[in-house]
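The next block holds one structure in the form of structure tokens; read it before the comments.
Chain lettering (A, B, C and D) follows the sequence in which the chains are written, and residue indices restart at 1 in each chain.
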Amino acid sequence: MDEIKKEQTTTHKIGIYLWIWGLLFVLSFFSYMVDWYQFQGLLRWSLILFFMFLKAGLIMAFFMHLYWERYALVNVLLWPMTAIACFVGLMVAEGKYTLFSRLFYFFVGGG
Amino acid sequence: MSSDPKIEGYKFKPGYSGMAADTASDQTMFKGVHWGKAMMWIFLLSDTFIFSCFLISYMKGRASTPVEWPNPSEVFALNAFGVPVPLLLIAIMTFVLITSSGTMALAVKYGYERNRKMCGWLIIATALGGLTFVGMQVFEWSKLIHEGVRPWENPFGAAQFGSFFFMITGFHGTHVSIGVIFLFIYAYKTFAGHYDEGKRGWFTTMKGDYVEIEILGLYWHFVDLVWVFIFAFFYLW
Amino acid sequence: MSEDFNENKTIQAQSSETISGGETGVAPDIDYVRPAELSDQDLYHGHTFITKWVFCQDAKVIGVQYFLLATFTGIIGLILSWLMRLQLGFPGAAGFMTAEHYYQFVTMHGMIMVVYFLTALFLGGFGNYLIPLMTGARDMVFPYVNMVSFWMFFVAVGVLLASFFVPGGPTGSGWTLYPPQAILEGTPGSGMGIILMCVSLILFVAGFTMGGLNYLITILQARTRGMTLMRMPLTVWGIFTATVLAMLAFPALLVSALMMTLDKVLATSFFMPTILKAGEVLEYGGGTPILFQHLFWFFGHPEVYIVALPAFGIVSDLISVHSRKNIFGYRMMVWAIVVIGALSFFVWAHHMYVSGMHPWFGFFFATTTLIIAVPTAMKVYNWILTLWRGNIRMNTVMLWCLGFIVTFVNGGITGIFLGNVTVDVPLSDTYFVVAHFHMVMGIAPLMVIMGAVYHWFPLVAGRMLSEKLGKWHFWITFLGAYSIYFPMHYLGFIGVPRRYFEMYDSPYITSAVGMNEFISTAAFIVGAAQFILIYNIVVSLKMGKPAGKNPWQANSLEWLTPSVPPEHGNWGDKLPVVYRWPYDFSVPGAKEDFIPQTTPPSEVVETEVEKT
Amino acid sequence: MHVGFIFLAVIVGSILFHIFTPWYWTDIASNWGAMDDTITLTFWVGGGVFVAVCLFMVYCVFKFSYKEGRKAEYKPEDKKLEKILTWATTLGVAALLAPGLIVWNQYINVPKNAISIDVMAWQWGWQYRLPGEDGKLGSTKVENINDNNPFGIILEDTNGRDDVLIQSDVLHLKNNRPVKILLRSVDVLHNWYVPQFRAKMDAVPGTITYYWFEPNKIGEYEVLCAEYCGVGHYAMRGRVFVKSDEDYKNWINEQETFSDLIARQKIIEFSETKLAKK
């Protein structure tokens, strides 16, 4: 029962793949430039994250065909990411807190 | 939603009402999705959590160390024509991996079009791209080891730098290597026509089908996807 | 090899109209069910003893294999707990018992019971056996992978038990394996013991992932015709959600085990800060032990629900069948399972209120934790409302269910103590915690397992278990276990910390000596009572009353197979078609007090059945 | 029938056990009465639910046990009842949560006048350090710990000079004066826990954690380690004396400060070198 009875024949035009391919190169180049020009601070972070999510989104949407999949699959795959997002957020806070404690008690001497 | 398969007796609805209808229906929840493909997706979801845990640990470890973190754009710089170019090798590796991801996407497309030759050669190209990537990673590792970077210490700063570097890129590299092995196997199977005639696999009761190329493709794109995050968090941060 | 497949023997998917009404061929419209989307599954049928019973691809055999191996490790865990209780109740009674041994037994008992016993038993054992049967599938979708899953588990258990025989013995760092102490001298088994533990866990996770993918895809993509998600028995829902949790939570365990192995073997410092041991500064530096705790509990809390949710599901079905009444508020029950599962990823640090993490996390995690109490409470209400106005058969299965309700409510309430951040501060790391989690995720799920064994044994073996022995087994276990863990909470109130090898000379603690003796004695009796079950099974396998088809008059598909016990492929040559939920008990107007899921509406037209 | 009676006996037995138990918490000796209150509150609400649910179950057992020929009710759901139960539970849970959060807020915010105490833990023992007249503790470093500097105080930090060093597991506290316990570990996790004070927190190597309380009952108390820390965990005890102002002053004046220690070592070193010269 492994095959779908009706053969899935729809494929996508080659143009869309080439487009995405090109875009990925361009975006990778841009994110490389972020380092090349040594942007710092908030600008660097927002650029890195922006290019990263854009690239990831393009790969998932078009190369992995998620854009054409039905919402049932897409939602099943994306909702668990909220747990990751929560984990990331809390660990950012935790990391900062640990660093603060270490600096405060071991270097500043905040007894 | 142009690629909805046709299923006898089932009417596809678009968007979220379609999602509700799919979920409420009998037999399958992911309509028209091959078992193996669904399985690969769920596996990748699980694998995403593995890599997320690695990267979260790395972030937490790096954020909480008072010792200075080595500057990746200097550590990973390469001398080209006597000038140190930051992240040169990494940039090339990224380029190679994206290239291989593109060829893989095309392989899937030609597979579904039952273009056996084209599909096979594109898989070979993907595998070669993967091999190049692994080769360059070996080069990068040996260069760093030569410079005195070890999992437990390094001359540039916080010891965790080396630990996380070897662990995360090593885990990713393992994924790439496994992918390359499977790419070669699938290339053979494609050329041998297993997918055209529906030959059974070695360990499974499944009949061969070009959907297997897409399943492998999902894995390969995932490896690329992870590299996007590693590139952003490890090399650019 | 192709002759091994049953390619052309089984039906091709039937086209739409001719499903019911049987042989007459004229089916009324109300019985219409969509035709099959997929062609029938090919199965590999084993011929030799090895392929039939050892390296077998039949999910039912794999389920039994999981069950037996998990029970075997569980018995080892039980023996370890006896040794611990011997030390706690009667210090010095066992001459060989040193502090090292005690801590090793504590650790191995905890790890075995949580991971290798309960998780493997519920998901590997019941999951494998029941999922294909209850959803109307021929087998798991990838039988070969499923087989490998079991043998990975087998190897993982082997590695775990091998650690008893390496120099230094098994790890004695507590089942939470907190670094730095897990890998430093001063903790027993900090050499090979901890490495083997990590390796075994990694193998377990890898093996489990293979099985888990199977369970999920079988439930999502291989149900039979007419089987919608909302017509699945709650057992399947519980196992399904638990498996989702496992797929997303085990990665954190894998990562933490891997990083700890590296810390031990390569002397990396993921979790290791600068450490002074015996006047020497060790080579570690800069790591954060709390990171491990976050990773571990990001796995560890969902793990609690990996054990609890299948138990919730199974007990719902048992209560419903034996009360001859539909489960009350099925939809609410399903949503509660899903919501509990989803929320369980946002509560992990309630195990860490006093761990020295960011103090503000207390607010967040106390709130999310107490939110979980609401769907959990709803489930409890629905169980007892199912009993209300039922027609309750007071057999052994029902007794276990009632025992579950009492112990689970008790343990759930104490969970509210520990989840609410301030209340947790005086109680955490005391015997209150030990009592709480044994009650809620030890005894309560165990009650369900026992109930499930008495319920499904007739299906697996074709013979009934002895009711008389079963009742003895239940009362000794229930009363004994309750009298172990209920008083134990009060040890926690006094302030007795966990993981103490010897009890104390402190004035306020010496008063508890008598209680410890009592608890230990009860523990010996309860443990011994479990051998009644083993005796019962062994005897009933040969001498039990033949069960016949559907001895409990249940509705769900597993009882409706053409042969009992079901054969490989489950359904003979025709897959079942489902027309209703599995809880149509005592429907007004029906002749019998149950309507199986495969009964088409046209056969029970005069009944007032609600649409599901 | 007997089934119902046994379950009833279990519930009644649980209540009676709770009423007549000789084992209950120790007399509180700190300001954290609020914690006991939250426990009591949770006990009443939770215990009430437990008893109610179980009694309902027992009632069902008595009333609806199997009778040949009787038919159970067929009622898949009751939206209204479920709604009521959901909201009632939510309210109950919120009522338990709110006080918990309020007290936690007090727990993590240390009062200004609290005395900081450095509690240093290792496998398996405790020692303590109190701030001197400047009211500040000097900063520390694990690498600095040796026989001459048992707390690893950074020598350049002038705050550390007048720190009072207590190289034993016996600590004295002033009655009715809040203390901020700064927990420090040099090897593995520990937890400085006095049941009568109710409060506790892990000591984590590589960082410093804290909590506070205000002792309010003069007496002697036992310190337990409440986080598993290896084979010696169960033996890792200490003692705390809560004393009146005067007794406390007498005690603290007898203790050695860090500069005293340095001076003493200088004398020893001096005499040693003298001896060597001779």
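To be clear about the criterion, a contact is a pair of C-beta atoms (placed from the backbone, for glycine too) under 8 Å apart; a residue touches a chain by one contact, two chains touch by 3 or more.
Fair warning: this is a prediction, and the values are worked out from it, not measured in the lab.
More C-beta pairs in contact connect the chains of C-D than those of the other pair, out of A-C and C-D.
Measuring from the averaged C-alpha position of subunit A to that of subunit C gives a distance of 35 Å. Rounded to whole angstrom, the centroid-to-centroid distance between subunit B and subunit C, based on C-alpha atoms, equals 33 Å. Per-chain Cα centroids separate subunit A from subunit B by 13 Å. Residue positions of subunit A touching 2 or more other chains: 2-5, 80, 87, 91, 94, 98, 102, 106-107.
For subunit C, residues that reach two or more other chains under the stated contact definition are 37-38, 41-42, 222, 248, 286-288, 290, 294, 298, 360.
For subunit B, the set of residues that touch two or more other chains comprises 7-8, 23, 29-33, 35-36, 38, 45, 49, 52, 60-61, 64-65, 205, 207.
A complete list of chain pairs in contact reads A-B, A-C, A-D, B-C, C-D. Within the complex formed with subunit D, the residues of subunit A that make contact are 98, 101-102, 105-111.
Interface of subunit B with subunit A (complex): residues 1-8, 12, 15-16, 18-19, 22-23, 29-36, 38, 41, 45, 48-49, 52, 56, 59-66, 73, 86-87, 91, 94-95, 98, 101-102, 104-106, 109, 112-113, 198, 205-207, 209, 211, 214, 217-218, 221-222, 224-225, 228-229, 231-232, 235-237. Listing the residues of subunit C that touch subunit B in their complex gives 1-2, 5, 16, 33-38, 41-44, 141-144, 209, 212-214, 216-217, 220-231, 247-252, 254-256, 258-259, 262, 266-270, 283, 285-288, 291, 294-295, 298, 578. Contact residues of subunit C toward subunit A in the complex are 13, 37-42, 138, 222, 248, 288, 290, 294, 298, 345-346, 349, 357-358, 360-361, 364.
Of all the residues in subunit C, the ones that touch subunit D in their complex are 99-100, 103, 172-174, 178, 180-181, 184, 186-188, 273-277, 279, 281, 286-290, 323-326, 328-332, 354-356, 359-360, 362-363, 366-367, 370-371, 373-374, 377-378, 380-381, 384-385, 387-394, 399, 402, 405-406, 409-410, 413-414, 416-417, 420-423, 425-430, 475, 479, 482, 486-487, 490-491, 493-495, 497-502, 506, 508, 511-512, 515, 583, 585-588, 593, 608, 610, 612.
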